[in-house]
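Notes follow once the structure below has been shown.
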Amino acid sequence: MDCNDKKKVLTGLTHECGVFGCMARGPWPTQLDVPQVICLGLIALQHRGQESAGIVTSEGKCSKKLNVKKGMGMISNIFNDESMQKLKGNLGIGHTRYSTSAASEEINCQPFVVHTGHGALAVAHNGELVNSEALRRMVLSRGVGLSTHSDSELITQALCLNPPEGEEESGPDMPARIRHLMQLAPLSYSLVIMMKDRMYGVRDPYGNRPLCLGKIVPVDHQNDNEADGWVISSESCGFLSIGARYVREVLPGEIVEITDKGCKTKDIVPRPEGKALAFCIFEYVYFARADSMFEGQMVYSVRMQCGKMLAREAYVDADIVSSVPESGTAAAHGFSKESGIPFAEVLCKNRYIGRTFIQPSTRLRQLGVAKKFGAIEANVAEKKIILIDDSIVRGNTIGPIIKLLKDAGAKEVHVRIASPALRYPCYMGINIPTTEELIANRLDNIKLADHAGADSLAYLSVEGLIKAVRWKIKKGKNDIGHCTACLTGEYPELPDW
Amino acid sequence: MDCNDKKKVLTGLTHECGVFGCMARGPWPTQLDVPQVICLGLIALQHRGQESAGIVTSEGKCSKKLNVKKGMGMISNIFNDESMQKLKGNLGIGHTRYSTSAASEEINCQPFVVHTGHGALAVAHNGELVNSEALRRMVLSRGVGLSTHSDSELITQALCLNPPEGEEESGPDMPARIRHLMQLAPLSYSLVIMMKDRMYGVRDPYGNRPLCLGKIVPVDHQNDNEADGWVISSESCGFLSIGARYVREVLPGEIVEITDKGCKTKDIVPRPEGKALAFCIFEYVYFARADSMFEGQMVYSVRMQCGKMLAREAYVDADIVSSVPESGTAAAHGFSKESGIPFAEVLCKNRYIGRTFIQPSTRLRQLGVAKKFGAIEANVAEKKIILIDDSIVRGNTIGPIIKLLKDAGAKEVHVRIASPALRYPCYMGINIPTTEELIANRLDNIKLADHAGADSLAYLSVEGLIKAVRWKIKKGKNDIGHCTACLTGEYPELPDW
Amino acid sequence: MDCNDKKKVLTGLTHECGVFGCMARGPWPTQLDVPQVICLGLIALQHRGQESAGIVTSEGKCSKKLNVKKGMGMISNIFNDESMQKLKGNLGIGHTRYSTSAASEEINCQPFVVHTGHGALAVAHNGELVNSEALRRMVLSRGVGLSTHSDSELITQALCLNPPEGEEESGPDMPARIRHLMQLAPLSYSLVIMMKDRMYGVRDPYGNRPLCLGKIVPVDHQNDNEADGWVISSESCGFLSIGARYVREVLPGEIVEITDKGCKTKDIVPRPEGKALAFCIFEYVYFARADSMFEGQMVYSVRMQCGKMLAREAYVDADIVSSVPESGTAAAHGFSKESGIPFAEVLCKNRYIGRTFIQPSTRLRQLGVAKKFGAIEANVAEKKIILIDDSIVRGNTIGPIIKLLKDAGAKEVHVRIASPALRYPCYMGINIPTTEELIANRLDNIKLADHAGADSLAYLSVEGLIKAVRWKIKKGKNDIGHCTACLTGEYPELPDW
Amino acid sequence: MDCNDKKKVLTGLTHECGVFGCMARGPWPTQLDVPQVICLGLIALQHRGQESAGIVTSEGKCSKKLNVKKGMGMISNIFNDESMQKLKGNLGIGHTRYSTSAASEEINCQPFVVHTGHGALAVAHNGELVNSEALRRMVLSRGVGLSTHSDSELITQALCLNPPEGEEESGPDMPARIRHLMQLAPLSYSLVIMMKDRMYGVRDPYGNRPLCLGKIVPVDHQNDNEADGWVISSESCGFLSIGARYVREVLPGEIVEITDKGCKTKDIVPRPEGKALAFCIFEYVYFARADSMFEGQMVYSVRMQCGKMLAREAYVDADIVSSVPESGTAAAHGFSKESGIPFAEVLCKNRYIGRTFIQPSTRLRQLGVAKKFGAIEANVAEKKIILIDDSIVRGNTIGPIIKLLKDAGAKEVHVRIASPALRYPCYMGINIPTTEELIANRLDNIKLADHAGADSLAYLSVEGLIKAVRWKIKKGKNDIGHCTACLTGEYPELPDW
């Protein structure tokens, strides 16, 4: 059975989020600016969700309680010097959340924190449980009332409810509890779980969502073997800005424990037998920041490689190659390099658009020009242009951009998309519009080019994307595997329960 | 006497603003979506000021009052469908304002509106009156109380106080009043002035601040000679997005009148005898959006040309040319083209930084890494990099960027600035830090390179900048003139009063 | 001509406001907590307006500028320790404003402050200029643009525009300027006018609006002849709470000057010949706080006397006399004393109603019970009740109250109103509903009793009210005069211009 | 063991709250305006808590989910027409909360709602569990994580965890679950518990907190036997305003079930053997609104009776009896009646004080005058006054009031308190200051009179209060019992566990 068979009844609350954790070396009080590190770490993950955020910290073994600050909106609006003061600690975790507006309430902000018989427990989650309904029924049947519909509360209560046999009175055997949860729910999540004196980083056995480890090195001795602390993060893009060095990815199924003594693998929970790895390929295409690392390579390089592949697959004669800034620029440089056609900027982005609450007039709708961009006429007029973007989803924005370029004098505009057509829903944490809304399900390339006013339009093939992604991965064939469900409809296979 | 001699006692409130006006053809009710046009026009000018904004409209000759909506913050936060409804009209003006926090109050929002014996009058102003003190004393001595310290109120009351001899009872002779004001205060401003049934566009005789005219053409007949309306704007960058075609710049000293019949030059007030034109060269370097037009050329092209000049003046051997996004990118492409060194992106900008209220910890300050950027290590490691930016002001941001690139493995980083060193204050509407804060007044190129951790650092020369700016201007020698006061200390000459 | 003939075209912005001023003895820095005194003084005047408020202070002769803080809402929301710090000074004035929502904007907040050739000038105003249109035309004709429609700005600019002949260069002759204004506009206002080192208290020649003087006495020597400072206020009710002793009323037409040396009458501008005094009788009936003093008597005593008069005029047999709390309680005690019928409370007021934004359902509308009150059934059941209130305006609230009492078992409810029926509009600063909305213009006593469900209903007569008001005033016949325009339609007579 | 032995470690979150429920007759859609009724019902309970409030409704048997709206602040700020629309239903419960600022967060707002295996469950709670720690340990030991420290979440999870043996699959046996909870935690609470199609009203076996039933009668047939619906409320004071008739109190230990068929007693859980009833006597003295009914009598009447008792116990010769408005007025009228000394108002309350954020200056602190009140000098000067208030807690406010009266000329001020001295903490839901803060523990009557500036001071005796409370109660000796712990230190006896 694959998860395509499953009917989702709950609103996913955990789409495309960012998780982050930090632990200082040694006992409290520590030298390391833990809340600052978490806050900057979350700012570097802000592209993964701008709806709400939260940070939870602890002063360590002797703490009576966790320090919590959560709020709606951007990191920079939620946290300030005053909240930083209250969040002092030597370990902590944070979360930044994307969500649809329906469930956009403070009660759903993460990390989710509960008081248990063994002290407080906090959980931050990126991903979506494909079998959340079964897990939910199990928790409810045990007599627990649930306050929200979020996977995070569900995970938290499931961790509370299931002590392994023989767990000692002195404290919970968290790795065993986590392992049990992973067996009940193998897909999909990256988790950071925190108790008052330790934290756990967990990646689902399919490796669907990303998670990586970093080491904070002393400012003055950047090459020192000694670490001042450890960080765990959805992406590595912010590591330099907090003085951390990239160590490695958390492995699919791995449970990493971080204490004030250091960082240790507690277990690697295997995938259901015979099932393949399934790292989300859309992280490369769209979500991740270009300066992040997955599978030993930079996202920027993969995107550039996609552009090169696209040049081979869908070359067309033109004066310049350009991009929709900033999403298509890496691929455009790749296309330019491969094709030999010079790169030039044609669009100027208005950085101050904001979220307007003004309905366009009929005239402006007819006009159909992108107010978010301006045309650099000097580079556009009388030119044949290849315009690269990273993806097309609903297909609403490309038409006005082409109109703008044509109004500015472009002779031809050929659209090239550096990823395959998006056709299928995702049940693993990516918020994709309904099948009907996906333009590729309604219009083929020729019709879409016509609809958008382009002179031609082509996508990168699935094979081309996979080739670009795996170009430089140095792994055995069995250690590699990507989820392309949204492009191909081939979902990761779940075990037969 | 030049304005360097003048001591400014008032806080300038009108720095670097954007002004905009729109008038529909024919009588009310009109087909044209005037408030929408103004709102989009201001959004396209948002880079000139994000502190407050306002729109004033009128339904024409028979209007009893002007419709006014002003507020603090960004256009998208101030205006919504409800305010658009209340702003319906067939003509209107708008303003978006930059200011230092001190005077950041709602009372200073523009346009400034007063009720006069001849009906309401609204004024939007970009620039700064270099002799505002003398004008202020004149107005006060006439027995008028002033509510604010803003130049805009001063201009408005000065227009009210001074009817020309022989002005008829039927209505004010606004061109004569404006001309009188321009003689009292020749520098510096672009103004849009509005009465209930007409508006005026005014540029100071020195041509210091920009202002241009556009024509709104019917959606279906983009080449029709007929206009649906006229617009007047600080910059042309938003014209395509509102369906307008660029017509021309308002001339230095020109008074343009726009009514429902069309657009007419009422007067061209000459500069004081023997004084040169002084269009602000910093509009090319820094302020204007790259897709705007001044003096018949695109700003983007000038910036690219600056990069080419810089390549000739300050070449250095390197593997790649890159830029601080997005301010240095046009110049970097120019440098690359001229030098033959390939362009590659090395920095990834965090678009979600926001305005944080968190003091960095000591460790993070020591670390000194730019949190606003990430390094694209694949393009950086082991590379000699030429890094282009448009300007250096206080010199605080370049050091952390170089640190980031070095941490990411850059072998060498050579900084090249596509404008001359900034050394002098401006009294004409540009908010420049104090002389002491300007880094170029404290450190020469070698010391600054050292201070910032660069392997070398060079500015474009003043001659290089002027050459780049005038490369394509097709005008006689007398019709050309740029203010380079902030770079050279040579201020426009005022008349001897 | 009386002011009934005048068409009001402007929205009155100055209805029922409170004005306050305070000046410390001796030079700055002073011992007296001037901003605290003003703030508490305004809190004691909060019943006169809850829409916006403002305070302006000065540090005296050497001040470069006035300190200003204004805002929308209640005093307690606008002012805090931080604003108090910024308002430090040794003199200052304040204002609390009532207004209709239309003009409820920050720009209309008082005191109104302008910069003049002689330094800053601030004005706070209670009342309404009956000939504001003429004054406005005069100001506009002089070439001044007006920002608002408020009388306060008009007064301020009029004071700026009209220096008396022979005024010395050294400074303005404010008493002469004020006198000139009073001749142009004799009705109606109480003003406090402030310059950096002095203030003026002004009452219109008809004495329409109240204004009184107090002296702040040292805490330890309450009987000392020495004053620590002087205050000027619309009402005296807050004097004890700021440590001030009531001195006297400002006289009709009087201009009082307060400096750091003391308090001095500068002029008493006479009424237009043959015209009578016209102190607003509704201050006694409704506006003023019960513990304020006018014309040598307490408002509470007058209200009690009104109840006694009412007992004589409209006695009815009953078990108890009661009141609508708290507006009718003083009169009810008077009625009880005069009639011998015992007083008992029958209504319990919900102090926490707030301003709800919920439409009542049809059922609740039909039910028609006052949600603001509860019935004290133990005092109500089986009783014949005389229910006293101070006034009836629209007549919407009395019906539900009677319904509540009847539901709680009252046998009879006889309504007695301790003032005459309200029938006419006011042009002197009182916000009275339109003639059609005034219930007394639509229903006579019998019909209104029927409509409200009362067993009978009666008003106090105009003669009864006047008798109650003048009961204890010790003045000659010529020195007494009350405006009863809203009750009788007899407006104060203006001079024939 | 009594609960005085218990150490409280948790912050009580449920002090002095108000609970309310409403259910319409018959199936959805119903005629009854259920959300409006709840909202008005809560407004009438607003005096029991102004910190936060919430309403939860259901459309009945077929509802998929409960409608929830909670928020910080007053009812009138939280609910509006929009939220009323979303809260439509034919049953619902509401809560208004008082709390100390520490725990003043949105997460603690009630009603507390959880999803269970049997559908949603909502709980609103007034009171405080004296053995919450034991219950909490039990819940945590069962593997449930708790999000808050509130008794309400604890009660809710306890109801989820404990199905009675033999509970059918078809649905939970809520009466059995509630009974089980009541045996675990016998003191103190009034609860309204709601499922999608029914609700329960529960009062603890000691009868400590109040709860009563009402019947909504058709508007047109107020005497009809048919009900349109049922309400359940902490107090009866709002019943007339929602068209409800008072039916009876919920009995101590009673579980009332309300469905669309009507209202039925499901059980009466007995008190632990030999233990006495303990209805909070402070509800009569202080908390309840004067127009509420407890034990068959009006609160107003009891307060008046307290005044009569006080006149007998602590008479003193005087000219007038008066009160601190409005808290002491009922008792003052009783004192006046019993003593024959006439009642007169001496204090005028400023209804607009608000919560100020201004530190009084040293001078104002020395002055020590009550800014919340003004003196009605006409009734005060030269008078001997008996001043009645309902209680003295910290003793901070009475001194400034006496100072005000003396400043206004009072000859003598004799303070009489219509309740005994407050000396002991409460563990049953009343927020009483620490023992040290209670003035009666520091100063005896003579010293307190001296400290406050009174000529004499006396409290009502405990016996006097009990006599006043029981004056009219028609019950057998065994059915009567009041908790006087805060006055006497005699706490209700708990069973020996």
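Of note:
By written order: A, B, C and D. Residues from 1 in each chain.
Everything that follows uses one rule, which is that a contact is a pair of C-beta atoms (placed from the backbone, for glycine too) under 8 Å apart; a residue touches a chain by one contact, two chains touch by 3 or more.
Composition by chain, UniProt nomenclature: A, B, C, D = Amidophosphoribosyltransferase.
The model shown is predicted, which means the values in this text are computed figures rather than measured ones.
Path length between chain B and chain D in the chain contact graph, taken as the least number of steps between touching chains: 2. Rounded to a whole number, the gap between the C-alpha centres of chain A and chain D is 50 angstrom.
In this assembly, the C-alpha centroid of chain C lies 38 Å from the C-alpha centroid of chain D. Each chain gets one centre point, the mean of its Cα atoms, and the points for chain A and chain C are 63 Å apart. Contact with two or more other chains is made by no residue of chain C. Shown here, the protein chains touch around one cycle, each chain meeting exactly two partners. Put simply, chain D touches chain C in their complex at residues 31-33, 36, 39-40, 43-44, 46-47, 50, 74-77, 79-81, 84, 219, 222, 237-238, 240-243, 289-291, 297-298, 300-301, 325-326, 329-330, 333, 343-345, 348-364, 366-367, 369-371, 374-379, 404, 407-408. Against chain D, the residues of chain A that register as touching in their complex are 106-107, 113-117, 121, 137, 140-147, 149, 156-157, 160-163.
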